[in-house]
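Here come two complexes built around chain A, the first alongside chain B, the second alongside chain C.
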Partner chain A sequence: MILEILKSNNAKILRHDEKVTVALVPNDKLRTTAELLFKAGCYYATGAGVDERLLGVGFSMYHIFNCEAEGRYIIIKAVASNLKIPSITPIISGTNWAEREVMDMLGIFFDEHPEPVRLILPDDWPEGVYPLRKDFRYNERPPRVEFEQKREKKPGVMEVPVGPYHPALHEPEMFELYVKGEEIVGAVYRGFHIHRGMEKLAEGRMTINQIPFLAERICGICGYTHNCAYVQAIEDAAKIEVPERALYIRTILLELERIHSHMLWLGVAFHLLGFESGFMHTWRIRETFMDLAELLTGNRKTYGMNLIGGVRRDIDENKKKGLSEILDKTKKEIREIFDNATQMRELINRMEGIGVLSKKKGREIGVVGPTARGSDIDTDVRRDHPYAAYGDLEFKVPIYKDGDVLSRFLVRYEEVLESIWLIEQALDQLPPGDILNEEYELPEHTICVGATEAPRGEDVHFAIMGEGNKVYRWHPRAPTYNNLPAVPIMLKGEKLADAPIIIASIDPCFSCTDHIVIVDGEKVYRYSLDNYLGGL
Partner chain B sequence: MNIIFIAINLAFALIIAPLIDGFERKIRARLQNRQGPSILQTWWDLIKLFKRPTIEPQDSIKPLYKLAPYITFTSVLTAYLIIPTVLPASTNFIGDLILVVYLLGLATLSFVIGAFSSGNAYAQIGSNRDVSLFMSEELLLAFIIGTIAVIGKSLSFDRLFPLPFRISSILALLLLFLVIYVASTRLPFDIAEAEPEIIEGPLIEYSGKHLGLLKYFVFLKRLLLYSLILDFIIPIQNPIRLICYLIGIIILSIVYSTLEAYYGRFRIDQAVGILKRASIVALIVWMIAVVGW
Partner chain C sequence: MGRFKLITKAISIGRVTEKYPFVPLEVPEGFRGKPVIDPEKCIGCTACSNACPPQALQVYDDLERGVRVVHLFIGRCIFCARCQDVCPTEAIKLTKEFELATLSDEDLHQIVELQMVRCEECGKPFDTFRHLLYTAKELQPWEREMMFLCPECRAKKVSEKLIFGKGGGYV
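This part shows the complex of A and B:
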């Protein structure tokens, strides 16, 4: 089916195996291909631009589609002619950010893009300097340029900034809410206050087996899943056989991470709804999972367990026993607190029918994870693209139809219980044997992709192998990247009081602070931290 | 003699009100599986605030902004002259019941005006919520006062303390219990301040001494309302009134803070809805009182 679509559009198949298809599509057929793929049920996962001048190609764009029905990732490649590629945003709105990111970072222009403005680069970054090009050194610092931004004032509408520092959000990002009375009439998201330049760092000065540790530091909550996705991408490219025991250990840790992440979110949700007791008790239970992670890996967070070809530490009988004992105990406690919480009418009332995202809109944007599953979109990387040991284990994917905050809440609650069940199964079936396979050869210039189901949704890592133990290009895409564009849609028409829980309902994961925004009526100044500290 | 007793009452309130908050914080912490700060913590917080400099925002209407905390604070202090706390002494005159209601109203209004004059968007949203809550609370309070006045056949507190034991007086006190819960800005009714939503709303721009006064006002208001409900129950000439009163305060704060620990925050429309329904109940209670039950 997919092959037919690609072939009917004169695509040249570069790679085709049981998990990944890579095809070079001519620019004039790019839009029709994308449209046909989207209609065939593939949603847009992410896009990555690559400076392939060193490989003798020029600039190219890789659009990555997730085809759940066939359990396959489809990567369509387009080569820029004269730095131009037709945009597919008019057809699939989910590509908006991916294309803007490439415009910012590589200077490839997308024809007919509806919103060709900066997304990632700060306003004081000079024009015409593109950081992800290969001739831009990783430690280069371009001079700052002056800028002034005009702000429009709408009559009768009050502007309420939620962020960049706000008690409801524990990371710096900003939602400009336009409010009439208590009703939100419009919302604008401004993000990317810090871009840590991890891709450049990895390509510039790290070796293949160092990047897992960098990847783990992408996120402070779900780092291990990034680590896994990267390692899987490389294992996919090099066709490495990972020992089964290692795959089971990865599964156990991934699920442990999901439980602690969901418990954290559920606690935050209670806090935002003013239910402080629920918040405290949820986090008390979460603490046992942090202890479990420490028992298995030596670290509460940032496990540092993966290498390409396996894991670094084994789970012995003692740890196994300790793990199952604690799981039995906490399972009861989790049920107790959440069964009580779901019986509290005023808590449920605050979430029911709030922040609705329709299935159609969700598909267009390409939302993933619990956000998608709360909107009746049946997607789960663990089931659709089995990785680690998920193919051997049995689990349920909870789906709710209403698309409101309550659905997303319940999806996460059920997933916590499913995860405990998964860990119990994996512990039971843990096969004996090695945990690390170090005998492999790395190919050159292979295009590969690795995906995991992070607590927040599908986490995709795209990579092109380089020469001599390096990657040529590495593009991680965290799930929140796909979920965030849905938030302004959820916010519109809701009450201001519900804004924090709606924003939090996608379980957003932003980044650490770097920029501050001073709203001064007409002008906006954006300072870097250095600048700010210099002024004090 | 009476004047000295009133002064003792006032001093008692000023010292004890923050301690009661500290006590309630401790209870909530225990219910939430935390150790919680010391009972004196609220006092330390206040002392710290009074030492800090105050800052007036650029966009504020400065005279109003600076005056509001003082009016709020003094109006609740004035109410202490009329409602006896630890000693059964007060200045009473015909209509002092109405005056207390007005003093509490004045405190809330100047609180809101100060917030409005700060020019902050969050403060304005917070004051908006405060006013709508105040309005619906006021309707309920009006019915309760009507009921109490009918039961005691007086508008002066000295003839209302304690209330005669009747069905309508028990119902009226239960409703008063609800109003006091709402008026003391507790979860789920702390909508105007809602920290995760609008960052303390009306208080957002206040700092230092002004913030300290406004926080102090909230604690004093809570103690005042506790005393009011206890005065309606405990006979004024009772020889062990003092002990009854202190035990009553402790019971009330345990009950209120336990309730608070088991609720999530309401949205303003939900809270107003609940208060409207309570007002209808209050109307029925008033009718019962008129009938003479």
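This part shows the complex of A and C:
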């Protein structure tokens, strides 16, 4: 079906195998192709611009769609003519950020883009300097330029800034909430305060087996899943056969990470709702999972377990025994805490019917993970695109229909229990054998994609192989990147007091999303203070 | 009603906060802490500096003094243990030490200096003694005579041999 759509639009198929289809689409057909793909049930995962001048092509844009029905990723490539490509944002609103990012970083312009303003680069970045172009060195620092803050005030509306540090999640973000009385009438998100230039660093300086450790540092909570997604992308390109035992070990660690991440979120949610003892209990239980990670990998966080072709440490019988003992004990404890918590009316009342995201809107933005599953969107990378050992294991994907904060809360709670069940199965079926396959050859200029289900949703890594143990282009997309545009929609029409839990309900990971800006602490501070005083 | 159960739960569990730093914290076997180089075992092969993702380990030659410097700066280290994986002589190991806060920058540097061999022909230092001995085990007998030549002089010698060694200068 997908092939027919592509062929009817004069697309040239560059790669077509079990998991990935890459097609070059002529610019005049780009919009119709995207529309047809979207109507066929594929949602927009991410987009990456590439400076392919060194490969003799010019600038190009890769739009990546996730086709769950066929279990494949569809990458449509468009080559810019005169630095211009038609925008597909008027058809799929989820493309908005991806296209603006490419505008900032590579200087490709999108015709008829409804909002062609800066997203990622700070205001004091000079015009016409594009950091992801190949002629920009990775350690170059352009001079700052002066700029004027343009602000307009709406009459009768008060502005309440949440940020630049989130009060509960301790991460930099900035929501401007416009309130009338207690009701939120509008919200604007300003992010990307902590761009770390990771893509440039990876392409400019690092070798293929060093990048997994950089990828792991995209996120401080769910780093291992980024590590896995990158490694899977390269393994997909080089067609490396990973030993089965390594795949099972990856699964165990991925699920361990999901449990501790969800437990962290559930604790923060309790804290935001004013249920402090629940917060303490949740984090006390979470601590045992952190200790388990330390036992298996040598560190509580940043496991550093993956290399291309397998994992670095084995799980021996002793560790296996310790792991299953602790799982048995904590499973009971988790049930105890949450079954009690969900019986408290005052807690449930603060989540029920709050921050609703409809299925249709969610699909248009392309929300992923528990945010999508709380809005009746049946999506899970583990099931739709089986990776690691998920194909052999049995698990349930919890779906809730209401689309409110409570649905997302319950999805995460059920997922914790599912994850424990998955680890138990994986430990039980752990096959014997090697854990690392180091005999492989790396291809050149192959387009590849790797995806994992991070605790927050689908995590996609797009890569183009380079020459001599390097990558030509690496573009990671954290799940929060897709979920954040949904927050202003959830906030509209709600009470101001509910804003913290609504913002937190997508389990935002701002630093992941921002992996790509240069911080200017002083400016952010001054900017928000002025606003604050102006608003009051 | 649920919350009363949680109160009894809290009482039955008691205090879970560790007494750290007044009581030392135990870390499990295989913990990835501060890396330490054993200067006795290091051969200066540069495998670690090639593998190190954040370039915390750098190896450079001081040609004037004729030493190879293996420089570990823990301020950049990400404790991934790749150096430990690739080290052929197990000279670098990650210890269980994790309390690395310090008042002086010097505590974060470890420098190992290894004596280098000078080329018999041109006199330029080209490799460490230890690395040369380490690789000598694998050399074929006819390769050993050129052991003490730097790569450039060796290449020159090999081509000279090929041209003149077989008599007549035609190969």
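Methods note: the second predicted complex is superposed on the first by the 509 of 536 C-alpha atoms of A that agree within 3 Å, B and C clash if a C-alpha of one lies under 4 Å from a C-alpha of the other, contacts with A are read in each partner's own complex, and residues count from 1 in each chain.
Note that contacts are C-beta pairs under 8 Å (C-beta built on N, C-alpha and C of every residue); 3 or more make two chains touch, one makes a residue touch a chain.
These figures come from a predicted structure and were not determined experimentally.
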Requested in this report: Name the contact category of A:M206: first (chain B only), second (chain C only), both, or neither.
Outcome: second
Report task. Identify the partner contact of A:H281: answer first if only chain B is touched, second if only chain C is, both if each is, neither if none is. Result -> both
Query raised in the report: For A:E159, is the partner it touches chain B (first), chain C (second), both, or none of the two (neither)?
Result: first
Query - Touching partner for A:F270 - first (chain B), second (chain C), both, neither - result: first
**Report entry** Partner chain(s) touched by A:G181 [first = chain B, second = chain C, both, neither]
**Finding:** first
Query raised in the report: In the superposed arrangement, which partner chain does A:K495 touch: chain B (first), chain C (second), both, or neither?
Result: first
Query raised in the report: Now for A:M344: first (chain B), second (chain C), both, or neither, which partner does it touch?
Result: both
Query - On chain A, the residue positions that both chain B and chain C contact, one per complex - result: 277-278, 280-281, 284, 344
Report summary line: chain A contacts chain C in the complex at 206, 209-211, 213-214, 217, 277-278, 280-281, 284, 287, 294-295, 298-299, 302, 304, 312-313, 336-337, 339-341, 343-344
Requested in this report: Over in the complex, which chain A residues touch chain B? Could you list them?
Outcome: 158-161, 166-168, 179, 181-182, 270-281, 284, 344, 346-347, 349-350, 495-500
Query raised in the report: Once bound in the complex, which stretches of chain C touch chain A?
Result: 1-3, 5-7, 9-10, 13, 16, 27-28, 30-32, 51-54, 78-82, 85, 94
Report task. Note which residues of chain B are touching chain A in the complex, please. Result -> 28, 31-34, 121-122, 124-125, 128-129, 187-188, 190-191, 194-199, 261-270
